Amino acid sequence: MASPLKEEKVFKDPVHKYIYVQDQIIWDLINTKEFQRLRRIRQLGTCFLTFHGAEHSRFSHSLGVYEVTRKIISQFERNGYEGWPQQERLLCLCAALLHDVGHGPFSHSIENTFGTHHEDWSCRIVLGDTEVNRVLRQVSSEFAAQVAEVICKTYHRQIVVSLVSSQLDADRMDYLLRDAYFTGVNYGTFDLERILRVMRPFQGHIVVKESGMHAVEDYLMSRYQMYWQVYFHPVTRSADIVLHKVFQRAKQLYQEEYAFDFMLPPLLSLFDGSLTTHEYHLLDEAFMQTVLTRWSYERDPILSDLCSRFLNRRLFKYVQLEHMDMLQIGRLKELMRSIGFDPDYYIELDFPSDLSYDVYRPGQQDEKLPILLLDHKETLTEISQKSEIVKSISGIHMGKHHLYFPDELLERHRSQLVSRDLHQLLGSE
Amino acid sequence: MASPLKEEKVFKDPVHKYIYVQDQIIWDLINTKEFQRLRRIRQLGTCFLTFHGAEHSRFSHSLGVYEVTRKIISQFERNGYEGWPQQERLLCLCAALLHDVGHGPFSHSIENTFGTHHEDWSCRIVLGDTEVNRVLRQVSSEFAAQVAEVICKTYHRQIVVSLVSSQLDADRMDYLLRDAYFTGVNYGTFDLERILRVMRPFQGHIVVKESGMHAVEDYLMSRYQMYWQVYFHPVTRSADIVLHKVFQRAKQLYQEEYAFDFMLPPLLSLFDGSLTTHEYHLLDEAFMQTVLTRWSYERDPILSDLCSRFLNRRLFKYVQLEHMDMLQIGRLKELMRSIGFDPDYYIELDFPSDLSYDVYRPGQQDEKLPILLLDHKETLTEISQKSEIVKSISGIHMGKHHLYFPDELLERHRSQLVSRDLHQLLGSE
Amino acid sequence: MASPLKEEKVFKDPVHKYIYVQDQIIWDLINTKEFQRLRRIRQLGTCFLTFHGAEHSRFSHSLGVYEVTRKIISQFERNGYEGWPQQERLLCLCAALLHDVGHGPFSHSIENTFGTHHEDWSCRIVLGDTEVNRVLRQVSSEFAAQVAEVICKTYHRQIVVSLVSSQLDADRMDYLLRDAYFTGVNYGTFDLERILRVMRPFQGHIVVKESGMHAVEDYLMSRYQMYWQVYFHPVTRSADIVLHKVFQRAKQLYQEEYAFDFMLPPLLSLFDGSLTTHEYHLLDEAFMQTVLTRWSYERDPILSDLCSRFLNRRLFKYVQLEHMDMLQIGRLKELMRSIGFDPDYYIELDFPSDLSYDVYRPGQQDEKLPILLLDHKETLTEISQKSEIVKSISGIHMGKHHLYFPDELLERHRSQLVSRDLHQLLGSE
Amino acid sequence: MASPLKEEKVFKDPVHKYIYVQDQIIWDLINTKEFQRLRRIRQLGTCFLTFHGAEHSRFSHSLGVYEVTRKIISQFERNGYEGWPQQERLLCLCAALLHDVGHGPFSHSIENTFGTHHEDWSCRIVLGDTEVNRVLRQVSSEFAAQVAEVICKTYHRQIVVSLVSSQLDADRMDYLLRDAYFTGVNYGTFDLERILRVMRPFQGHIVVKESGMHAVEDYLMSRYQMYWQVYFHPVTRSADIVLHKVFQRAKQLYQEEYAFDFMLPPLLSLFDGSLTTHEYHLLDEAFMQTVLTRWSYERDPILSDLCSRFLNRRLFKYVQLEHMDMLQIGRLKELMRSIGFDPDYYIELDFPSDLSYDVYRPGQQDEKLPILLLDHKETLTEISQKSEIVKSISGIHMGKHHLYFPDELLERHRSQLVSRDLHQLLGSE
């Protein structure tokens, strides 16, 4: 049974000024230990090593996604739009609040190495023996399952899914504004109020009034800029790579039955793929940083070196490759090995790319819901067909190849970089 | 030997837009592992449990104090003010950057319980066998000692000390703006540029042109508001109290030779007061949070309960006491004991207070350098003699008594709260 | 008959982000020619000569007052507070929108000289043969009269009056934020959302929850700072004085039947006190500036000089007087006359003062509704009894005597300033 | 002779926080009556009728252009860049400050009708018998001529011209930020500090370090958004069209020797093309608004109607034309005439277009200096060759045809709109 709070509660938020809680269920979900754990997971992983302000947590982002969703729905209700299924309000709000509840520390690096997936964990937490699940069951016996379906995008009403997950969803709207605020860049800012005002429920979708096209262009350009200037910043990528190498090395050592000086249960379960929900709860960022600190004293020189690099921000240097030459890279790896660096852990070729806005191609795997414009004749058009700007950034996998490796390689072994092409390769910055 | 960087380096900062590094020494200090460790210490301790945006670290604050100091000095130099000892520039900048380098996690709670002091640790790090010390010695053999003297306020040139530590110093100016930005409140904002422009070196002090009086009033009011609305917020106090009780309990258990399930070396040294600089380095906030997580599973019911409360934000409730009645509080403690709560760990009387601006009373212990106004006749006057506003907030120890205790006390044992006065005491909010 | 708009309309506003119009009547009032005329009246009169950003009009301020009122009422309605007379909503909104509709150009200078009063004109426009009146009569036959009563503070329901005019009203809340925004100072900012949230209708008044006391302190301090740093800035006062002298001279010339080269009907009516509503409409700031431009070529040397001074920002210089010595000022006037400056037009003693917050003293003339705090026992207390800060700024007429006169006096006639005390008087800045 | 001020002076500015004046010449120029006149010319002409905050003047913009120029030069000097001609500093600053000094009221509408050009007037004021000229001649006898050359883009050192007028100049940087601030939209914001930091003098041009490409993209997108959302807003266009029709009608009446009730000398000179510098000075926006007010009572029904429409914001309505059908428009004009509207004054086809960024095509008329990227090999590349985004907005004349006409046409004569295609044409919005 869902019921309103006797008195509206607020959280002071730097991005939305205030976050308004009006339902007992939302209040109770925020107070579960699983939701409070999000305070111990940074929103932007290693990005704080590039932008020192980026120390904000998934906790504040999750509240923000909830708040944007609440604003959208409240606008739909205030204007009495047909086509908005009012009975889904609480479901949307809960899914918005909980969609990241399964996020672990440094998600990208850990998920890559150990094959976990944060969305799966969100569903396990929603459905498992957790405080979150107990709160959701108070609404109805099927409610937790519905929330999980929205999070996994299998819920039958697409309009509900698209509020939380689409090209123009509450998740993206909050993170762009929030990440811009905390890093201090101003690329991510756009006019949230205006975008909310041009959104409409229409034939089971969320669409945008055509007069709002420029506002959406501005939002998509913000996203484009945030990707290239913040999320894919080479220093952040370097930190991700070093961290990834740490876990790769630790996994290798575990498989070789190396005796770790510091090893605690949840780590073992992470290594052998047997994590329980309870163990996952313990695996927060504070824990992982403590592990990294401890491992910087391990006997294995590669593990300890990589951990120290991460903790003390002695990351890998990078060069941008104009032409991809696998032969050259092969020779570089040989050289590295000859001077004592294991190329498996000390060199990485990186190609970050993002589709700032994807055209919808039905049937394609991992399809994303497109942004549709609604004109005064009630015709829908996919936005890139009307906007030159969006067209120019649609469907292009941008990105450049970067090669990451330790700085010392250049400094200490310059004389050994005999071949002219290698020299050129590494000297390009 | 100090030398400028070939090319100015910048850090993107949300408060000052950019932080400019122009000296090799400053750049090297930032890259020491002791300074990087400040990324793992939150600036506002437990305040993030009240204001979820307050997740910023001492690292960004320290950069900010450096930047404000750099701006003040640059203004002094640009205007060619006499009375500014130009040769002290680098000393000021290093002291500004490093003044908090000895801060530990949750300083207030830990320093209270274990008698450590962050300023002492800053000096130990500056003077000890550390990367920081090695960088400083490159300037000259006495430089590290001078930096330590500025931090400990014993340096012979008061003007240097007062830039970093006085009623109107770079430290306060940065933290008010920064804490306001990250919490999202706007009480802490004031016109930094204007205050910098009215500051003057004069007879060995930093003084303020009289025409800047209103700007200083505004700054002091910001401080007053930040103290009462943010730093002394009862929910933050509650978190501090719970954390303090955790450490008090752990120390007690240690003295009783209780066998902790989870115990690691730096903790033991903290308990017996034998921490080395190296161990202190390991004692970051990630470590302490990991300890709290683990201790929430200890056999000792008090320790595990208090840790869970902190982690899952089930803090103590508070009531404001109109009249202090120790008799009533005594009876309350008895009642608590009778229903199974140890009053040593489950009740606390709190009286936060601050002097937003202290009049200078020479000779008094812990005297703070006052704010002096310089008029066109070159006469100095202490600000509260000219400003009604400052006078009204000077020297008043404000604050109210709050009683903190677990919420359940009220809920579960209401029937036992027979005596009318106790009922009244606890029911007042 | 009042009816809602089919679709909410918005105005983009830099202070409130958007201004929302939901009623046909409000929309129609905004589109009357009397309301559009407010675009031709600057909000801060001559202040743009000190703060060049202060070029905003009464039009945007009036929309802002309307929007703050709308937000307050919407909050009252959303929370279902008893004690809020819901039927008064439209009356409040209309009075808020129109309260300044009678403002003329450079109000202070003109009202002083010609004895007009903007509040009277607001009522004349509301009640007269105007487009505004025709719109209001659509609601009901008494509606225009009610709006006029609210503006003149004689309406029988005090709660309605106090929304638009009290110590904590929509008018003040908008102008502090707006004037701070456009001048670029940040003294005027306070947390509007928070103040709105702690306001309550209670026993026919608007009161403030005690927990909001610090927010109100912050608002009152903003007001205090805005008065001293912006509204009473000596350069603004100087411009006001020069302008006042222009009108004083013109009036004198008119009475002496001087033949103006440039003279248009509404001016004549202003001079002989016979302005009609229609003529008043023509008397906007563009008109007055054109008059000043033209008069800068009049034959009368005093009138033309004063007009040139204003237009080209060659204002009077000022000195602050430590002690008021009428004897000295008398001698100064004599001196002025002897060197060819008519002291009636070239010297002025000014004493700006404001009560940032007045204690309520019932029965006193021009009494202002005080700010009352509501505690959990539903007791009301006037705020200065609980707040040290408010007490310190209550009831004190602050201000300093400034003497204004042309700069050239000092420059050209320094040798004639024989007497040592005169010299001292004028040399003090 | 140029000399520094004894003490730096500042103007409080909402966009740049403070504007710093360090030279006596700059200070004196600001205090000339020609520069003060810019306070009486709105920066955005009729845009305040769409965005009510857009009431700022050319005065504040001109100070802003000066300040951005000062910052660029100060950065060049601080970094000791070769290729920056230090002796040109004051020339740049003066040209930046004065480049708009010849702007008249509602430039677009008046320049179109009467064939005046604000750049010519700037040069006339710089070179003529003015206070500005007298100040400039204090520097040297050729200085005024040099300032005029920079403003007219004929000065021999292109680097000086390009600071004030190019695709990435101080003018554009200030107006985007300023217009965004005052309208309240946030499309115009970009990271000014960052752009300044990546600018370099190089081979007689200002170029941009390649690493700053994304920052420049962001700036160009801001420009694109400001054009489409603010400068070309259909309501602003409508106001411009109505105003243009006013002047077109007045000119026609003048040529027909109509006897105006209200007519003053500078207007006559404007009509017959004989304006002197002195008369131009009188022709400020206050004057033009007074003229419009007076003309709203003229006997000529077209002139008085158009003036009333502008003053009371009863502008023309618009429809967007999908296909340009001159036949339909012809029929519409006929219809208008038949119901009493003169189509010369009551219908207008509008096609606003802008090149947000033009590729440089040497030799083309009105060529604009392009933005060049400088890579680490010191090669220059025009930005659209490296940036997909810039390419997508380069050289495209965007824009849509809008038809403007009085609203009443539709309302009163709907029955006469017999033909289905006309109906469709006008009903489309």
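In this document, chain identifiers A, B, C and D correspond to the written order of the chains, with residue numbering beginning at 1 in each.
Just so we're on the same page, contacts are C-beta pairs under 8 Å (C-beta built on N, C-alpha and C of every residue); 3 or more make two chains touch, one makes a residue touch a chain.
None of these values were measured; they are calculated from a predicted model.
S.K.: As a multiple of 5 degrees, what angle does the CA superposition of chain A onto its copy chain D give?
M.R.: The C-alpha superposition of chain A onto chain D needs 180 degrees.
S.K.: Comparing centres built from CA atoms, which chain ends up most distant from chain A?
M.R.: Chain C.
S.K.: Using the average of all C-alpha atoms in each chain as its centre, how far is it in Å between chain A and chain D?
M.R.: 43
S.K.: At what distance in angstrom does the C-alpha mean of chain C lie from that of chain A?
M.R.: Result: the chain centres lie 51 Å from each other.
S.K.: Indicate the whole-number Å distance between the mean C-alpha point of chain C and the mean C-alpha point of chain D.
M.R.: Computed value for the inter-centroid distance: 32 Å.
S.K.: Going by the contact rule already set, what residues in chain B reach two or more other chains?
M.R.: Those would be 17, 185.
S.K.: Report the residues of chain B in contact with chain D in the complex, numbered from low to high.
M.R.: Touching chain D from chain B are residues 8, 10, 17-18, 79, 193, 197.
S.K.: Considering the complex alone, what residue numbers of chain C touch chain B?
M.R.: So the residues of chain C touching chain B come out as 185-187, 189-191, 214, 217-218, 221, 224-225, 228-229, 376, 388-389, 391-393, 396, 398, 428-429.
S.K.: State the interface residues of chain C toward chain D in the complex, per the touch definition above.
M.R.: 11-15, 17, 31-33, 36, 39-40, 48-49, 51-53, 55-57, 59-60, 63, 181-185, 282, 284-287, 289-290, 293, 308, 311-314
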